[in-house]
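There are structures below to look over.
Two complexes, one shared chain (chain A), two partners (chain B, chain C).
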Partner chain A sequence: MSILKVRDLNVHYGGIHALKGVSLDVPEGTIVTLIGANGAGKTTTLRAITGLARASSGSIEFRGRDISSVSPHEIVRLGISMAAEGRRIFYNLTVLENLMMGAYHRQDTEEVKKDLEWISGVLFPRLRERFSQKGGTLSGGEQQMLAVGRALMSRPKLLCLDEPSLGLAPLLVQEVFRVLSEIHDEGCTILLVEQNAKAALKIADYGYVLRGGTITMHGTGEELLADERVRKAYLGEGE
Partner chain B sequence: MNASVLFQQLINGMSLGSLYALLAIGYTMVYGILRFINFAHSDIFMVGAYSAFFFIAVFRLPWPLAAAFAVALTALVGMTIDRAAYRPVRDAPRISALITAVGVSSFIENLGLVTVGARPKAFESPGFMSQVFHIGSVAVTGVAVWVPIITVLLLAIMMYIVYRTKIGMAMRAVSTDIEATRLMGVDVDRVISYTFALGSALAAAGGILWACKYPKITPLMGVYPGWKAFTAAVVGGIGSIPGAMIGGFIIGLVEVLTVAISPNLSGYRDGVIFLVLVVFLLVRPTGILGETLKEKV
Partner chain C sequence: MSDKSRKTILTIILIGFLFVLAWLAERCLDEYVMRVVRTGLIYVIAAVGYNLINGIAGQFSLGPNGFMALGGYMVALLMLPLDQKKFVWFLQPLIWPFNAFSFSKPFFPLAVALGGVAGALGALIVGIPSLRLRGDYLAIATFGFSQIIIVLANNLIPITNGALGIKGIPEYADIYRCLGWAIVAVLIISNLANSSYGRAMKSVRDDEVAAEAMGIPVFRIKLLAFVVSGFFAGVAGGLMASLITTVSPNLFSFSMTFNLLIIIVLGGLGSITGSAVTAFAFALISEVLRFVESPMTIGPIHIPGIAGMRMLVFSLLLVLLMIFYRRGLFGKREISWDWVFARFGKITGKGAEAWSHKTERS
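This part shows the complex of A and B:
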């Protein structure tokens, strides 16, 4: 069953028709990835889902409810959280405060403690050592871990990730993808936007290829990885 | 100038400076979050003084109760201004918010002139404010002693709210990145509302204490203190709360000491402060503790 259903989504901003009728499904418990070149509309799709960008037409249904006109903070409360592009760490807050911001709307203090334990103890042990440090003092890789950890602190039913591997050293990219599978194993549904198409398709159950604001191809991760056109255009192979 | 006169002037400077500090916090907090100068903040200060005046003179409330009600009412006025005037232009360019602020300021001042009149009203300050203290050979008035003490207490409460509570954490988050804060499930408009309430409450306290020190109040009483507190916020580093406090005390001391050192300059006391503003804007626009924009890619 699909936890997220996007149908014929159109988004305009600043006179640009950024998304032209995008439709996609994210089944519960899966990893779905959105790949494509710069400016294809990947980030805009995530911004529309999280309420930061307004759809001019079309629908976004989350667990059976249309959320296309719900405000961003309400959407988080419904169970979608996002680690946005560029990490967007609160550089003047401590690492612990950054994580607690992720759980801002939650009332279940005990469960929040458990999640904090899991995220900072098991997933990203490095964050624990840096609890009292300001977010802005972390390295790029640590900031990315903090951004993902913070998004998880809301205990989302759907986790959206925008370019989590951008600008990271290869070893750290592996680390991020290892953590994504771990989060997935815990039962979290993930919608992943990536430039690193190869790594994304490898862990994804299903993938969509965006180009010029429309979906040009879709299929299982394996199908897309094997597809000639995908290999040429996005995996840098051939010719 | 001998030591005891200097000591007395330092106390006067601290006392005046704490009033600027109370007012400067509101400028810096709003700037930190919304990146515009809330010109109406100086009029909030006036509203605080008048509210206390009416609670005392008309409703005959005991002093502490009148002050508490006045602070609460003024906080509400601050929230209302945000809701009615600033929220509608939230997504417009910054310059629109700035012009709106000038308009709101003008509106409140003129509303004051129409409703309570331009004639100064005599503010009844409580007895302990006019008591005289003798410290060695120095005699200081109660106002000069109590104002800094009350200010420090209020600033401590404010610091506790901003740095130790959940809503304070959200205020600091909003000042870094509004959109990222939205993604945390935070109702940002509400946080901004609380920020206005907190800043306005401090301005009201400043206005009431100002009226104790200078007991003639008029609808335009906030104008000059407002500009000087704005200067204090710039000197301390606009956007920085500790900066606003430090800036406030510096401006208060500069003003009092200018007159003390050279009585001939007393007519230029305001001019000296604005000279400080100009110098800082030219030499160090980020102020003493101001954030230099750092971005990490």
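This part shows the complex of A and C:
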């Protein structure tokens, strides 16, 4: 069962045709990854799914409902949340306030507390130590953890992550991917956009390769990892 | 007793103390000084409201003088006695319904509240189109709208009596009413700022796109801040109309917004208590500085009185303050009970401990 179905999605930025008929499926309970070079349309795809960019044509169906013209804050309510590229945490709010903003629309206080406990206690213990610190004073890695934690606070059915490993030290990249598989084990569906194709394909059930605004290849993580063309173009391996 | 209820009781005691202080001041200080104090309190209301939209929600509005004008004219139209109304509108008659009634003294707070409603409605009408803009564009749009309100005040003679203004408004804005409204403004706005709405406003200020991606209805949150801010601008305008007893388009010119902007930047964008303290100080200092405009003889040099000298000294003070306190006097900090406990913690050791624990991390 696909939780998210994108069909023939086109997005224009002014005169630029950024996405040219992208179709993809995210089955429930899986990790699906989008890989591709800079400017291939990965971020645009995520922005269209979360409502931050408007589709000029095509459909985005989330749990059987078309969301291509729903406003971003309604989409969060429906169960999609995103940790955007470049972290985008709230610099002048404390770490705790940042996390609570993720649960802004939720009324179930008790459940929010449980999620806070899980995110700051189990997933990212580092955040717990820094609860009353301003978001802007965190290190890059901690900010990334906060961004992922904040996105999880809405208890999403689909978590979209845009380049979670960007600009992080190798050890922290490992940490982020460890946490992703932990979140996945809890039953959360993940749509992951990455430039670090190798790490992404390793944990992904299925992958799509974007190039110039269209999907040029798709297959299971292992298939793509083994594919000659993918290895050459995105994994940086020679003959 | 819980920490929260203890703070509530302390707040109530403080409010009582302020009213006692006002009672004493009215008996001991002369009429001139009391006028300055009342003006200061009115500035507090306007500045605290202005800080909500500019400092807390981070939307650079240049409109408060327009909303103050709406409140001022509203109170003038409601409070002016009927015979005075006939006397003032001698060129063109005042339109219905304002020519048919006028409020008596007990209804003055209602008139001020309606002045606030006028400001809030104005903000709603201005906000719906202009809050979709950001940064400089929003500033220009709100500036334009406030100018439109002033132009309307100059030309809608059947309502505003044009450039001649409205005179003879009863002076009901006494120290207690000004203080009462100032307390209401500070309490409502600080509670709002500390609620989940307030956090949403701050997150919109920090990163609008991220806030939107978090599920915050960004436009509605900005509009809420703008309308509440417009309400208190209207209240301040209404009290000012009654304090000065006349309103005219000149009273609410752009320099009013400019003064408020100075106050909130000086007090610290985002600090409510900061802008309250600064607003009061601003009114006092601009009166105290009047002496530099009077003729002076320093030794052999005789200086004739120079009008505007006050603003020169003021600007110099501002430049110095901005060099040494770049984020304003208070930054984003607040004078809260926690802060007081920490400062004077020897009396209540427990509060101080909790505070130092907190500040260590921030």
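Note that the second predicted complex is superposed on the first by the 238 of 239 C-alpha atoms of A that agree within 3 Å, B and C clash if a C-alpha of one lies under 4 Å from a C-alpha of the other, contacts with A are read in each partner's own complex, and residues count from 1 in each chain.
What we mean here is this: contacts are C-beta pairs under 8 Å (C-beta built on N, C-alpha and C of every residue); 3 or more make two chains touch, one makes a residue touch a chain.
If you're wondering where the values come from, they're calculated on a predicted model, not measured in any experiment.
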Combined model on chain A where chain B meets chain C, clash or fit: clash
Which superposed partner A:Arg77 touches (first chain B, second chain C, both, neither): both
First, second, both or neither for A:Lys134, with chain B first and chain C second: second
Contacts of A:Gly167 with chain B and chain C, given as first, second, both or neither: first
Touching partner for A:Tyr13 - first (chain B), second (chain C), both, neither: neither
Touching partner for A:Ser154 - first (chain B), second (chain C), both, neither: both
Residues of chain A contacting chain B in one complex and chain C in the other: 50, 52, 71-73, 76-77, 81-82, 84, 88-93, 97, 100-102, 104-105, 150, 154
Footprint of chain A on chain C - complex, ascending: 196, 199-200, 202-203, 205-207, 209-218, 270, 332, 358, 361-362
Touch list for chain A against partner chain B, complex: 50-52, 71-73, 76-77, 81-82, 84, 86, 88-93, 97, 100-102, 104-105, 136, 140, 143, 150-151, 154, 167
For the chain B and chain A complex, residues of the former touching the latter: 166, 169-170, 172-173, 175-177, 179-188, 291, 294, 296-297
Chain A - residues contacting chain C, complex: 50, 52, 71-73, 75-77, 81-82, 84, 88-94, 97, 100-102, 104-105, 130-135, 150, 154
